[in-house]
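Heads up, there are several structures right after this.
In the two complexes that follow, chain A is the common piece, with chain B as its partner first and chain C second.
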Partner chain A sequence: MLLQIKDLKVNYAGLEIVRGIDLDVDKGECCGLIGESGCGKTTVGLSITKLIPERKGNILAGEILFEGRDTLKLTSEELRGIRGKKISYVFQEPFSSLNPVFTIYEQIRESLEEKDNPDARIADILKNVGLEKIIGRKNIYPHELSGGMQQRAMIGMAIASRPDLLVLDEPTTALDVTVQRQILELIMELKNKMNLAIIFISHDLRIVFNIADKIAIMYAGSIIECGPKGKIASNPAHPYTIGLIDSIPSLEHRKKLFNAIGGKAPLFSELPQGCKFYPRCRFRIDKCLEKEPELENVSHGHVSRCIRIGDIVRAENRHNLQA
Partner chain B sequence: MGKYILKRIIGLVVLLLGITIITFSVIHIAPGKPTDLEAQFNPKVSMEARERISHLYGLDKPLHIQYIAWLKRFARFDFGISFMDSRPVMQKILERIPVTLTIELFSIILILLIGIPIGVSSAVKEGGFYDRFMTVFVFIGFAAPTFWLSLILMDFIGVRWGILPISGIKSLEFEKFGIFEKIIDIAKHLTLPVLVSAFGGLAGISRYMRSSMLHVLKQDYIRTARAKGLTEKEVLYKHALKNALLPVVTIIGLSVPGLIGGSVIFESIFSIPGMGRLFYESVMARDYPVIMGVLVIGAVLTLLGNLLADISYAAVDPRIKLE
Partner chain C sequence: MELLKINNLYKTFKKHRVCAVDGASFSIFKGEVLGLVGESGCGKSTLAKLILRLIDADKGSIFYKGKDLLNISRNDMRKTRKDLQIIFQDPYASLDPRMKIGKVIEEVYDIHKNVSERDRKSKTIELLETVGLGETYLNRLPSELSGGERQRVGIARALATDPEFIICDEPVSSLDISVQAQILNLLIELQKRKNLTYLFISHDLGVIGSICDRIMVMQSGRFIESGSYEDIFKNPQCQYTRTLLESAFLP
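So, the complex of A and B:
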């Protein structure tokens, strides 16, 4: 296993917004991390190399084993050996994530592990991310590129040192739909070529279904369902997941069991007792309020945090039969 | 670029014309006349004599005629003759500029050399003891009245401890000194004025630098720089500092007019024959040609300083193009 997150708890701005997360990512595997804005998914990504601003948040508990070593226990010197070299990041807004006063060449050069003969390496990277146009043009600044090209440059920086793990935090959210598709294709191509493991953080289930091998769904700071893409798609086992899937606008006129999920995600300052999804859940019963459910096996490699798994799965199957 | 500067300079000339019209009018409308000093306090001077003086200076003509006459001379870079001692205004100003320029230049260099590091380090250690200490320190400099601070320093350093001279710019036996001793002598005389002036200006630049740096440190590209595995030094002093310095460039451009403006207060206290005192004396005597000369030079430098700020901003920020 390349990366194992074990019972990660993170405090951010005085609130525990990651409340015990377990997640494994294998070599060459793409894991989608899904959730509404503010559910803690970005914080999980940043925690992997302790990138949470010290002033704002701190990691309360847990282990993050990367190649067997706990990154949370590493010194800042050791962390720098991992950041950008073995674990790289691509963030949401390419324009604000690139430093406006340094050239693209300079910013990619900084990410290179071997500093000798950088121009040839940079040219190679630019070719790999589809930026052949700016090869040799050393005085190009970020603002001279389009959003899609900026994100390609970010990806170029991220793969410059041939990392093992790529953390992509909403890498396509700020882009046009057509450009989104190109960037996703680029990511898949690089993943296969470089055998990259990927954590793909997104709120868009459609994108994640396209690219992930495994999907973890977060709600209010914890994972409520996790499993292989196929199982999640065909047999969702948490009311929230079902709601998310049914919220995807479909071109086919499928009769829906659920509409879009009503209500709002709870604030971390006023989390409900018991199951955190209770206020918005159509399957809720009084027993849900007693305590927060544990993750339970649905089938091999597929877990869900719902005490009514059995009823839901049956209802969903019956619905499929009727359809 | 060349076209832009040409356009700007044409605009500046028009603006300067406007400034001269307004200042000329205000000065002449203000109560008091140049003839007062010679005539009012001397009962022997008759009405006719007063009018003769007025006529001699051309003050009996309508204001717009006077202005056009002044403008005609100004177009030939002739600022006229001082009412007070009949010496050319240009000559009077030129003998005052070196000492003021020296003091102000050293003071601004000192302000930048001390203020920028204070601002940057305060931002990096935001909220800590160092940050709070520096805040108090620079605001003491800002809030303490110049005359009071000057007197305290003169009392202790000059009178009680006798380390530095307290007034003038050279010693009595200056002419007997060798060239090296002369430089030392002037330096000793200028130390206190430079320190007082710099201490007062420290708050502005350091607070500006601090807030600029704080703003930059919150940007996404700083997170990117950290995620790349750069050292904290590279993150702060390469990626952050270059961005944070951009607005400060403007301030340096805007401080150009202050270089020859001088300060009435500390030039008076330290008995320094600088521009500040020249201006003060000429205002008190309603010496119109000198007042206009000093104001116009100040206006020209302000306008050129603005232009310089814009040009230098474009030079350091790749996103800004002058068109």
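So, the complex of A and C:
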């Protein structure tokens, strides 16, 4: 296993916003991490290389084993050897991630693994990310590129060090649909070519269904369901996941109301007793209030944090399931 | 009934040498949801602003119930705006950060004078309830609201003049998928209940396909294809429409 996150807990601005996360990612595997904004998914991504600003947050507990070493115990010197080298990041907005005063060439050169003969290597990277157009054009600055091309440049920087793990935090959210599609295809291609492990953070299940091998769904700071893509898509076993799937615009339900999740996610300062999803859940029963459910097996490799798993999985038409 | 008829509308931004809307002609019928789809920069929002005369067209004509909107007085236009409203994309940028939610709605009454002093408060509360908020939101500031709640305020503001026609300019694009479904539900319900007419702008064919009756596809300022939902989704004629459909991850 390339990366193993074990019982990670993170404090942010005085509140525990990652409340015990376990997640494994293997070489060549793409793991989708799904959740609404503010559920803690970005924080999980940043924690992997201790990128959380010290003033704001700190990691309370847990282990993050990367190639068997706990990154949380490494010195900042040792972390520098991993961050941006073995583990690279691509964030949502390419324009604010790129430095506007340096050329694309300079920025890719900076993240190169070996520094000799950089131009050939940069040309190679640009070709890999579909930026053949700017090969040899060393004076191109970020603002001269479109959003899609900027994101390609970011991906180029991320793979320049030949990393083992790529953390992609909403990499296509700011892009147009056709460009989004191209970037996802590029990511898939690189993943296969370089045998990359990927953590793909997104709020959009549609995208993750297209790209991930495994999907973990977060709610209020913990994982509420995790399993192989096929099982999550065809056999979701947590009411929140079901609600998310029902929220996807679908042509079969044209002109009908969505079976949307009501209400809104709780604030971390006011988390409810028992199951954190209880106030919004269509399948809730009184027993849900007693204590927060543990992750339980649904089938091999598929877990869900719901005491009604049995009822949900058995129900032929989940929409008819009553409390 | 033909509610709006747009003929040969042009708009060029000279500074950027871009023809943002390059000869748009179409009609919008009472009670329909007309979808407008295209990628960023194709001229969708410019078209929306032209229809409401938030910016002026270079040439062309816009008829609303037979009235030529490009050739009426400012005063008449102001009165007509009551019937033509818009919901903006970004619920963060479209609300004044220092204005309380109650005031956001009441400002509409100040401008259009369509509600008596006595009814203002009750009307405002009623509107907030219509969009799933309520009295408790009257004295809150936008910064205390989530994206979905802000967009509900944007919808309430558009409804405050009791309009006939609303332009929904990417109203759910900046929202999480679960919130998006809630807001779409609200828009669908309102449309049915009040027999509203929407021009629904989006880059997401999934959203467009799930709520629109007719669809227009726009690229570089031009309509390249338009037709019923079936025409566009089942039998697209243009390569660009096909590309959009393929990119939309239709489940």
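Definition applied: the second predicted complex is superposed on the first by the 309 of 323 C-alpha atoms of A that agree within 3 Å, B and C clash if a C-alpha of one lies under 4 Å from a C-alpha of the other, contacts with A are read in each partner's own complex, and residues count from 1 in each chain.
Note that in this section contacts are C-beta pairs under 8 Å (C-beta built on N, C-alpha and C of every residue); 3 or more make two chains touch, one makes a residue touch a chain.
Note that the coordinates shown come from a computational prediction; the quantities given were computed from them, not determined experimentally.
By the touch criterion defined above, A:T49 lies against chain B but remains apart from chain C after alignment on the C-alpha atoms of chain A. Once chain A of one complex is fitted onto chain A of the other, the partner contacts of A:L205 are limited to chain C, with no touch recorded for chain B. Within the superposed three-chain model, A:H300 lies out of touch with both chain B and chain C [touch as defined at top].
In the superposed model, A:K115 lies in contact with neither chain B nor chain C. In the superposition on chain A, none of the residues of chain A is touched both by chain B in one structure and by chain C in the other.
Across the complex, chain A meets chain C through its residues 36-37, 176-181, 203-207, 209-210, 243-244, 246-251, 253-255, 257-262, 264. Residue ranges on chain B touching chain A, taken from their complex, read 126, 219-221, 223-232, 234, 239, 242-243, 246, 316-319. Across the interface of their complex, chain B is touched by residues 49, 51, 55, 76, 79-85, 88-89, 91, 93, 96-103, 110-111, 141, 143, 154, 157 of chain A.
Interface residues of chain C, counted against chain A in their complex, comprise 39-40, 146-149, 176-182, 184-185, 188-189, 203-207, 209-211, 229, 233, 243-244, 246-251.
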